[in-house]
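Written below as structure tokens is the structure these notes are about.
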Amino acid sequence: MSKAKRGLIGVLVLAVVAWLAPGAMSADPIRVAYIDPLSGPFAATGENGLKQFRYAADQINRAGGVLGRQVEIVPFDNKVSPQESLIQLKKVIGDGIPFLFQGNSSGVAHAISDAVQKHNERNPGSRVLYLNYSAVDPALTNEKCHFWHFRFDAHADMKMAALTDVIKANAKIKKIYVIGQDYSFGKAVADAAVKMLGQKRPDIQIVGNELHPIGKVKDFSPYVQKIIASGADAVITGNWGADMVNLAKAANDGGLKVPFYTYYAASDGVTAAIGAAGVDRIRLVHESHPGNPDAPKPLADHIAGYKKLHANNDINQARIHTALNMLALAVKKAGSTDADKVAAALEGMEWTNLSGDHVVMRPDDHQLLMPIYISVHTNKGIKFDYDNSGFGLSLESKIERDKATLPAACTMKRPS
Amino acid sequence: MSAPAPATTRHVEVAATASWTHRLRRLGVWLAAGALLLALPHVVRNPVAVPVMNQMGIAVVFALSYNMLLGQGGMLSFGHAVYFGLGGFIAAHVLNLAGPGGLYLPVPVLPLVGGLGGLLFAALFGSFSTRRAGTVFAMISLGVGELIAASSLIFDGFFGGEEGVTTNRTRAPLLLGLEFTTDRQVYYLIAGWALVAAALMYSFSRTPVGRMANAVRDNAERAEFVGYSARWVRFVSFCAAGFFAGVAGGLFAINYEILTAENLGLNASGAVLLMTYIGGIGYFVGPILGAVVFTFLQSMLSDYTGIWLLYLGIMFLATVLFVPAGLAGLIAMHLPAWRAGRLRTLAAPYALTALVALVTAAGVIGLLELVHFVVSTSPSRTTMRLFWMTVPARTLAPWLGFAAAAAAGALGVRWAAPRAAAAFAAASRPPGAP
Amino acid sequence: MLELALFSLLNGLVFGMLLFMLSSGLTLIFGMMGVLNFAHASFYMLGAYFAYTLGASVDFWPALLLAPLLVGGLGALVERFGLRRVHRFGHVAELIFTFGVAILVEEVVQLVWGRPAKSYEAPAVLDFALFRLADNAFPAYKGFMLLVAVGIFLFLFGVFTRTRAGLIIQASLTHPGMVAMLGHNVPRVFMVVFGVGSALAGLAGVIAGPVLGTFPGMAQVLGSIVFVVVVIGGLGSLTGAFIASLAIGVIQTSAVALDLSLGTTAASLGLPVDGGGALQDLWRVTIAQVAPMLPYLLLVLVLIVRPTGLFGTRET
Amino acid sequence: MTPAIELVDVHKDFGGTPIIRGVSLAIEAGTRQALIGPNGAGKSTLFNLITGKHAVSRGRIRLKGEDITGLRPYAINRRGLSRSFQVTNIFPWLSVLENVRCSVLWALGYRYSFWQRVERARDVQERADAVLEQLNLTARRHVPAGVLSYAEQRALEIGITIAGGADVILLDEPTSGMSRSETEQVVQLIREVTAGKTLVMVEHDMSVVFDLADRIAVLVYGEVIAHDTPERIRASAAVQEAYLGVPQTTG
């Protein structure tokens, strides 16, 4: 018995020795860090994101790379924990990697953004850029904005602005129920919904504004009954993960037929888990064409090529392609990997993404401006499904870029 | 009920005599520890080492405070992170008040603020939870832990919601011109505090109430019949543990400049239980070892494998099953052999056992990684990197190979382990015994 | 409003009975062996996953029988080769061991079945609305869950009051150590009890998986709540577990329907509320929001007032 | 002179079953009082009532004139009363020395101190050393108490009881399970350590009782049927009939 332990200690000693030895010197490729969950409950999302980054990087590399150098994605596992993210950030900085992508969880995003800002202010010699491809808390590009943070996804208020435009046009909707997880994002969605609906359709009644504890609700039936009792014509929710799946299932079981406007009810197992329960009920607000019924050619090729490599994964974040290519272009323009120069090059950069949309990185707050799509969960006319389930998203409406753009509220301090 | 006979591996509370040599030797241990801590950042060249050592220092203080409950006081808590987290949040808020025109509060004093915060809440929750030990205490700690964790997501004003509370250590006034901008500067602060806190916690265990904590752990009824209220003894220990957990939280606030809900959640409470137990709850140094090893594995293992939590779980179970006295117990087990000068006789049988155990481990790890690869990647990908090799994961050969290694290793362990055990028994026999 | 109350009650009943299937096994194990089994909900999770896999190859109905048997067997193995070994190191070691098993099971489930949620569906036969009231539908599958849970309850009740084995178990719940005096093979009895308790948890997983979701975190979501039930009811008391299960089930579901907060309550009583300061959130929070926290609050309160739980006679 | 312990009409029932049925007893300070009676007479229960382990159902208990009814065991101990247990009740993981030291801390005024170190406290050290010497356990001082032999544990049990210097000592069957020679040693030990103190003991071994005790109380079915000097108890017809008439097994 003690021997097994002995062995373990031996391994440990070896590991410590290996760790203490100075790391290999940075070689030729341009290294880009990817900090997201690669273990634990959210690993599926993180791993799929990593694959999409590598897929996009391979395309860039096949086309000759950047400045004659290859792009290498270096993954770091943060377990969606702010604390662990900061440890990984220190590793990124210690390894001399100048760029880092992160997207899962706004809490983590705030932690990283704040730490990057402090690090860059204190250590002008080793600055890093934080490229946020998915965390949607508006504050990140508003009151918490800074020069070394860029966001490539539409933030929650932009999505809500688009969503409320759609609702505004639908005269049949008179009563709306808002339900969400009790934390910053759920509250931000609820507040934005109430505010924007009040401006655009004062006649709509908010018949319920409910927050439930995140990840703790075992059975959503009581909530569904409340929604039914309220007589709502539509539901808005920012729920994700198991909270989204279970809400959809309970709605189906309880016989609730009204549309659900959601942010995260697709892919990474969610589409398959919702399955038939969500058909024509679940709608998704997102930044890219859903691929159905008729995908633009570049997007269709991109998805098809990815599917060939990763049959069990989906392209569910086309913005990853946008983000990495815009970074590559910025490095090219700056002619170096210096964080400040690349950041300057990114400001105001324009790009045509896979959906064929013209997007632009607004210099005032480093928020990418783009059109927004609303799609419905269905199994009819689906060419590119999610989770190999036969279910997927089909385009319902598109809100053009200028309609989805909100005024910038950032006072950007640039390094002199 | 008759008293159970302690297992021989269990720590004997050797009473230290107040002799000169003894005190000198103990002072020497602390001085050596201090010197080592001073030298470490100069010896270790890896750029990531300093941040990881900072994390270790915080974990050490936290785990030691946890062992004041579990090891010293016999109180199994599932909510100790509450005091770590609350202490940290309070420290972060206070740090935000400090600065030009604000509170005069230099950074090095901040852990004390965290400690007082932890103490405050420990006194509050301890007032009702320390009435009983055993299951009742454990369950109340679980309930309190869940309650605080849940309220941390509801009470935005204090906990800052999902983003948590951020702060900036460079805005605080300086004390003696000490700046804390780099990780290395923070390292010395954490190392200093960890050393002081460890010394204080050690001293606590030697005070009347600390000794009575052991007595109450052993036999609460008897303690009441020698004049001590078991509840008060537990309460004082609980408050002290809360204080030092808060100190650790304060150090965390300085190091990371952010506190979030996860710092006081159940996972954090579970982690401190794991690291303390792996290190060995019967020894003062146990939690230190556990915290260092655990933190190291936690932040490094994930670079190599996606299923590191599984390995950690296996390691934890193996510790509970085979080495309940923990890493420290394993070392202490060999003290008799060392005193008798027979440690050398163990080298060969141990090395042999370690070798076959390593083969087993490699086989098992290989199999697990293969399963992980096959389950988590697309069928189109056929090869994976494993142990510095490229392995065709979807063919039978590697599976058979690793299975064979595991089986052969296991057989080897069955053969070698009894020999190592016999060698151990022989080496540990007191001198003069036949 | 009446149908809301009725459905809340029905849902509470379904959830409460499900909790009882879990807590009965847990309290049985605790009562006889003195082990608070942290891994109990893990066996529940394994039940759901086994049924998911079996359901794909055979069908839901055989899986309903097979999965709990498999889980029970696994539980017996855990007792035989793990718990029994740790037993001599005392109760804390046992508790910590089960804590480790819980972690391990969660990791193994992720390794084998992957991280995303599984689309484990209720059988098509039961996919219809049992009855409708106003706009609400009560799914047939929930009726089936209730039926199974009541069946298990009656079965346990019968075993405990009518059979010799049941009487022995009941006696040993109140007087641990008595089994040994009766000349029974104690280790074997422990193994069987642990296996049966695990199988019950597994069965709960089989029938709850389609409704509450089959994902790696499902054990953690339910794990501590089952603990709460068993402790509130009184450790080792089956009656207590039954009553606490139903109470927690109904409290949790009906609290969701209450939109009262301290602020609105105070306002309706005519008290002015000062909504500022760090505690401003305290006034805003509604009972519905804190519904899932209520069991823990109840746990702490019950333990403070009555350390033995509501129906228990023993503390540890 | 106020009695060391005074029981006034003490009753105790467990779940409705009366165990102690109106005991009134005064134990003079400085005497060695034995409590005898058949099994189940309530001797240990009476100890548990006096020491605060159980609460009385009715009646009062006074210690040196002061009412201690309903006080917790530690509060009673602090007023100068200490007890041993019939079944060995020590701190098994602590060393023998630690066991004794823990037993003197409160009495020497250290209370819940977390600013002094025990090994630097000279008075604790001296008192503990003296007790260990008396117990003849000096050589075993660093051994965990749980691994001592049975007789050693019984000695330690007495040591823990008397170390704090209480002047009223209650011993519950101090010689149970011991051989004749061990018993003699323990009797000698008891004589030494309780010199000048009030001793109350429950004992089955009649030779020990008549050897040690100044006064004997006979408890039968929860009532004191006689309380007198050993000679008179021996002669009492009531005791003969109710108790001594029953064949006794000693040891």
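By written order: A, B, C and D. Residues from 1 in each chain.
In this text, a residue touches a chain if its C-beta (ideal position, glycine included) is under 8 Å from a C-beta of that chain, and two chains touch if they have at least 3 such contacts.
Computed from a predicted structure; not experimentally measured.
Colleague: Which chains contact both subunit A and subunit D?
Modeller: Joint contacts, listed by label: B.
Colleague: Name the chain pair with more contacting C-beta pairs, choosing from A-B and A-C.
Modeller: When the contacts at A-B and A-C are counted, A-B has more.
Colleague: Just the number, please: Cα centre separation of subunit A and subunit C in whole Å.
Modeller: So the centre of subunit A lies 35 Å away from the centre of subunit C.
Colleague: Approximately how many whole Å separate the CA-defined centres of subunit B and subunit D?
Modeller: 43
Colleague: Would you kindly tell me how far, in whole Å, the mean C-alpha position of subunit C lies from that of subunit B?
Modeller: 31
Colleague: Going by the contact rule already set, what residues in subunit A reach two or more other chains?
Modeller: 43, 182, 213, 216
Colleague: Touching at least two other chains at once: which residues of subunit B meet that condition?
Modeller: In subunit B, the residues touching two or more other chains are 150, 154, 156, 307, 309, 376.
Colleague: Name the residues of subunit C that each touch 2 or more other chains.
Modeller: In subunit C, the residues touching two or more other chains are 110, 114, 289-290, 292-293.
Colleague: Give every touching pair of chains, nothing left out.
Modeller: A-B, A-C, B-C, B-D
Colleague: Note which residues of subunit C are touching subunit B in the complex, please.
Modeller: Against subunit B, subunit C makes touches at 36, 82, 85-86, 89, 91-93, 95-97, 99-101, 103-104, 107-108, 110-114, 224, 227-228, 231, 235, 277-282, 285, 289-290, 292-293, 296-297, 299-300, 303-304, 307, 315-316.
Colleague: Within the complex, which stretch of subunit D touches subunit B?
Modeller: The touching residues are 51, 53, 72-74, 77-78, 82-83, 85, 87-95, 97-98, 101-103, 105-107, 110-121, 125, 141-147, 153, 160, 163-164.
Colleague: Note which residues of subunit B are touching subunit A in the complex, please.
Modeller: 44-49, 51-52, 55, 150, 153-154, 156, 161-164, 166, 168, 170, 181-183, 252, 256-258, 260, 262-263, 293, 296, 299-300, 302-303, 306-309, 315, 318-319, 322-323, 327, 330, 333, 350, 353-355, 357-358, 360-361, 376-381, 413, 416-417, 420-421, 424
Colleague: Using the touch rule from the top, collect the residues of subunit C that touch subunit A in their complex.
Modeller: Counting only subunit C, the residues touching subunit A are 1, 3-4, 7-8, 11, 14-15, 110, 114-119, 121, 129, 132, 134-137, 139, 141-142, 211-213, 215-217, 221-222, 225, 252-254, 256-257, 288-293.
Colleague: Can you check the complex and tell me which residues of subunit B touch subunit D?
Modeller: 1-6, 10-18, 203-204, 206-212, 214-215, 217-219, 221-229, 232-233, 236, 240
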